[in-house]
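Read through the structure below, which is laid out as structure tokens, and then see the notes.
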Amino acid sequence: MAEMTYLEAIRQGLAEEMARDERVYAIGEDIGAYGGAFKVTEGLLERFGAERVIGTPISETAIIGAAIGSAYLGMRPVAELQFIDFVACCFNILTNFAAKSRYRWGAGVPMVVRGPCGGGVSGGPFHSANPEAHFLHTPGLKIVEPSTAYDAKGLIKAAIRDDDPVLFLEHKFLYRRVKDEVPDADYVVPIGQAVVRRPGDDVTVVTFGAMTYTALEAAEQLAQRDVEVEVIDLRTLSPLDHETVLQSVAKTNKVVVLHEAQRTGGIGAEIAAAITERGFEHLDAPPVRLASLDTPVPYNPGLEAAFRPGVEQIVAAVGQLVEY
Amino acid sequence: MAEMTYLEAIRQGLAEEMARDERVYAIGEDIGAYGGAFKVTEGLLERFGAERVIGTPISETAIIGAAIGSAYLGMRPVAELQFIDFVACCFNILTNFAAKSRYRWGAGVPMVVRGPCGGGVSGGPFHSANPEAHFLHTPGLKIVEPSTAYDAKGLIKAAIRDDDPVLFLEHKFLYRRVKDEVPDADYVVPIGQAVVRRPGDDVTVVTFGAMTYTALEAAEQLAQRDVEVEVIDLRTLSPLDHETVLQSVAKTNKVVVLHEAQRTGGIGAEIAAAITERGFEHLDAPPVRLASLDTPVPYNPGLEAAFRPGVEQIVAAVGQLVEY
Amino acid sequence: MPTSTATRPSDDLTRDDRLELYYFARLTRDIEERLAVLYRQNKVVGGLYRSLGQEGESVASAYALAEDDAVAALIRNLGSLIVQGIRPRAVFTQYMAKGTSPTRGRDLNLHFSHIPDAGGPIVVGPISMLGDLVPVMAGVGLGARMRGRALVAMTYIGDGGTSTGAFHEGMNFAAVQKLPLVVIAEDNKYAYSTPVSQQMALARIDQRAEAYGIPHEMVDGNDMLAVYDASRRAVERARHGDGPSLVGVDTMRMRGHAEHDDMRYMSKPLLDAWKARDPIARYHAHLVETEIATETDLAEIDAMSRAYAEAEADLAEAEPPPEPDTVAAGVFAGDHFQPTVEIVYSPFREKRGTPRHAPASEAGS
Amino acid sequence: MPTSTATRPSDDLTRDDRLELYYFARLTRDIEERLAVLYRQNKVVGGLYRSLGQEGESVASAYALAEDDAVAALIRNLGSLIVQGIRPRAVFTQYMAKGTSPTRGRDLNLHFSHIPDAGGPIVVGPISMLGDLVPVMAGVGLGARMRGRALVAMTYIGDGGTSTGAFHEGMNFAAVQKLPLVVIAEDNKYAYSTPVSQQMALARIDQRAEAYGIPHEMVDGNDMLAVYDASRRAVERARHGDGPSLVGVDTMRMRGHAEHDDMRYMSKPLLDAWKARDPIARYHAHLVETEIATETDLAEIDAMSRAYAEAEADLAEAEPPPEPDTVAAGVFAGDHFQPTVEIVYSPFREKRGTPRHAPASEAGS
């Protein structure tokens, strides 16, 4: 066991996989000598050489294309997007080439596309994206987003070992702010499994990523009012672990779906719709969605705070549900 | 009044707007001499000249970029994507440049991005897309999809006159199959307004595009069993007309949300979630989503039929809701 | 254009090689002729996109590859797949959306792959979005290098396709990484209805390569041996670690974009001029003139090719459609679907491993 | 490089023009120096991206534009905005995310626009995704032509940015449409940490233009008059309907990618060599040597520039943050938000319409 940051956990997981399996390699902009914009790949060039830590031109489509082609040849690429926002620049090749390959031809594309997502750091409209909803609607692509160092390492390993393309979202707010115990032994966190972060009987909050901490903080406050919130951290966003969510809702009968991306068309819609479909009889109140406003992500910290859901809104929403 | 096809109605609407306002122009691949892959722009080159009917290289990002830049200079571009699937190739510039421009700077981008969407014609995985859910989550962008010739003309005009970017989805299955009366006088169909295509008291079916006809066919069959289905054609997909939907659900208390795109992360999730949020007290049963399977669109007609929701499934789903 | 250098790679081609080249071009045309019949009979699901007039360049370029190299064909590069040994039946089943097609009826025409774990030709299928094959095939080259395989990756791009961002990014990446990639850029005068003059402000398509600092040359695309020579030079450079090349071929699409295209935008005089330059007829004449083959020899090949195409089409026609209940399987790993494509060899080689042209090291480069 | 032709466009620059050029470059640097101070004081929200060592090329290229032309700056082209008259305060308010900034605190640094309905400079702001400004500015050129406005659109692209698909598509479209576009391609040796050798397999960045068949030249980017000359030639071509051009500038980014960058990957000898070629110092020396100005004249300009930058920064600092409850407004039309950017003129012109260089028709081209 060693305590390490979320960022270090990703780095370690990646390095361990590269050491374990020579087919695993890293590709992306500035990931070599510089170690990546956030230093996730720091030290990898020195350790594994330029053949396996490939710095690229500013060409997101070429990065994903190269990853796909090399995966056909048996490699297991881990492609970094400097900010996950730039996934918009390779949307086509990722959703149409990589994600549809197995279904069409049986040719799997084992590849990880990873990058920093999320707001709360004044990144503005192009460096704060939470793009999961754009990809949830893409059969053939998996999506994960860890919230702890433990999960970050376990999930990056699972993603690398997965035989299908995985979009690996790293919440940049957590990179250096979250630190927890990570086992020395090899382990994976299986893709597709949510986890209950805090048990509670009154209201379920379904969330993931950095919002997990916001939810836990709200739960703490609510506990002082004797409202017991169950906080579920989805960890995998596609495929969703409906089981864990439904079990909780069957117990609490009330649910808040919380995420950082904008509200309309967000992943919260899918989660809420699925809960209603499968758990209607359990619901004492409609699932409530808490999400960001339907605007681009504003830059100014005060604006961004007004844009994003916070502890206060969660407390209020849960409070209303309790009264419902 | 003249009877014309859905396709002719779009062409006429576009031509009328070009005649009315010299700032309106068309841009896209093969839209000039050839009149576009589906002949929507046929005759426009002859009538308006190459300066206003601009055939481009195979460069979707350049098409949208050129449209944006010219819109800044006061033009009103109508950009054609040969198949709407290719919007994946300009996802970045459309969602990040066009859609965020007004919020960031107050610089509006009045532009229409139009193209044929939808399946049912054995187009396979890359010529059958219904991409609305990928864009629903993009504040700043409107989305419309007509189902009749009347609406097609009225909505293309409204889209062209709109001061914000509008994604105009034309269902290719309807292009030549749907024909209806279109007034000679100038008219628009306002963006943001759904319409009740068939009134009924028992179950609401919310849908749009080609699925409107599938729903109406199912409603016809169900009427013979004395089940009265209310069919709502959304027409505008963003912003959604929640009002019309809720009014209907308040009456029927049961709702099927039907669309052609894949189920998970589809627009049906947003519609169902919104209905539950706002109309929970009215619901006697959970909103049921009917959509395509979570796979790429298969090519073989038999496979595609198995992939898409059809009359049978609607009848069955409504039947179950009635029993609920 | 360095085609005038003293030794030409094609000098090393044996008589059998030369006849095989002819056979492949003929077979390509015969398959498409048969497809056109099936299309008119409404047995083709969706559209038919012919390579009439361009069979020579697809065949001759791919002929420069070794057996275990990788090729990625666009819609008009059936010839390259035939050279690499894709069984014609597979192509027919694709067009007819059969359940036993390489995509099990899930995708159309030449949209299929064949990626054996080791040994045998690699075929990477396209997606419809033009340009993406360039970065993907650059990736195949990269993967091969990492796996220690000395293979060369070849792909094609139309004049229209060179305008896509994906083409640019892929070419540049291949250049920087010195990947073993050969791109055949086909100036066939149109992209759908768009003439080349509205596609690029260039007189020669191979000039696109200047932006990447990679070697390029332009050849008469209807001269099969010229295409072979230029492709072979590019393949050798790639194989020897000298990075990517682009070969521009000057040719003509002799039909509309697809069979349903009215062709009204096409220049009639241009079509007529190119009709006289048909690549197969020219190569036929060359073989006879140089006394490599007699008219009778070639007529025999013609007959064999036609009979084969017809027999394969008939086999394909008899295949069943896919079972509708297979529709949901195979989106993710763990499902049972693992298609295979049968690899066949021409009567001029008959079995795997028979060299189809002089080995790389001896070829003039 | 055609910079050796007999007449140079810069020959027509008046003494005031030449001093103004100096002033703009100085002011650009002074604004950034001030921003660096604010950054260290934690008053800049987010990162700071300097153009140290590149101020000369941004200023001199934009100086080739007419007052009502359109420019789109990247993060390192503050100089071009200063030339076109953007008030420095606007820039400071942007960096400090003030409520009165041109984006009302919604977007960062140079990400803002100024698009007057008619008359006055047009500024189009970037998005972060590199490359997109090229097609967008091609579109500005297209729109201008359609509206009957003879304006020229200028934008910038880094060595890294030229690798994007958007750059390619935009350049090609502009070439085919012969649009009045001038692209300044800046080889400043790095893209973030990536050296140019890992970005492209080219010795000269301007060779990218070969793929589009458009005129290009390469200039010493730290020689302000050389940059002006080349840009001016390109602007004249565009204005006269001869289509787009690309001007490659050979320069050096003298800081890390951003202020927080440790620069450890940067070559120290390279930095030292370029330090001696500082564009402002060189231009300063040139003005003195050619007796256009005395040290005293220039010291006066220096002082004026510094004082102005500081005063503007102070004004900006005093501005309020945005009201949080404004956050949701202005996504669609019909909302009240209509930002304006104040356009100012240098002491060398003082008012709109004063020619800042010889009119287009007289300039040597």
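So that you can tell them apart, the chains are marked A, B, C and D in the order they are listed, and the count of residues begins at 1 in each.
The rule we apply is simple: a residue touches a chain if its C-beta (ideal position, glycine included) is under 8 Å from a C-beta of that chain, and two chains touch if they have at least 3 such contacts.
Just so it is clear, the structure is predicted and the values come from calculations on it, not from any experiment.
Interface matching across A-D, B-C or A-C places the copy of B-D, with more than half of contact pairs shared by residue number, at A-C.
Taking each chain's centre as the mean of its C-alpha atoms, the one that lies farthest from the centre of subunit B is D.
Taking the mean of the C-alpha atoms as each chain's centre, subunit A and subunit D sit 38 Å apart.
Separating the centre of subunit A from that of subunit B, both taken as means of CA atoms, is a distance of 31 Å.
Averaged Cα coordinates give subunit C a centre that lies 46 Å from the centre of subunit D. Looking at subunit C, one finds that residues 103, 106-107, 111, 127-129, 131, 163-166, 169, 172-173, 176, 198-200, 331 touch two or more other chains. Residues of subunit A in contact with two or more other chains: 56-57, 59, 61-62, 85, 88-89, 92, 96, 100, 103-104, 125-126, 139-140, 294-296.
Residues 131, 163-169, 172-173, 175-176, 178, 198-203, 207-214, 243 of subunit C are the ones that touch subunit D when the two sit in their complex. The part of subunit B that touches subunit A in the complex is made up of residues 85, 88-89, 91-92, 95-96, 99-100, 103-104, 125-126, 133-140, 238, 261-262, 264-270, 272-274, 276-277, 280, 283, 285-289, 294-296.
Residues of subunit C touching subunit A in their complex: 102-103, 106-107, 111-113, 115, 117, 122, 124-125, 127-129, 132, 134-144, 146-147, 149, 153, 165-166, 169-170, 172-173, 176-177, 330-334, 337-339. Remark: subunit C residues 45-46, 97, 99, 103, 105-108, 111, 127-131, 160-161, 163-166, 191-194, 198-200, 264-265, 321-322, 324-328, 331 touch subunit B in the complex. Contact residues of subunit B toward subunit D in the complex are 23, 25, 51-52, 54, 56-57, 59-75, 92-93, 96-97, 100-108, 139-140, 142, 162-164.
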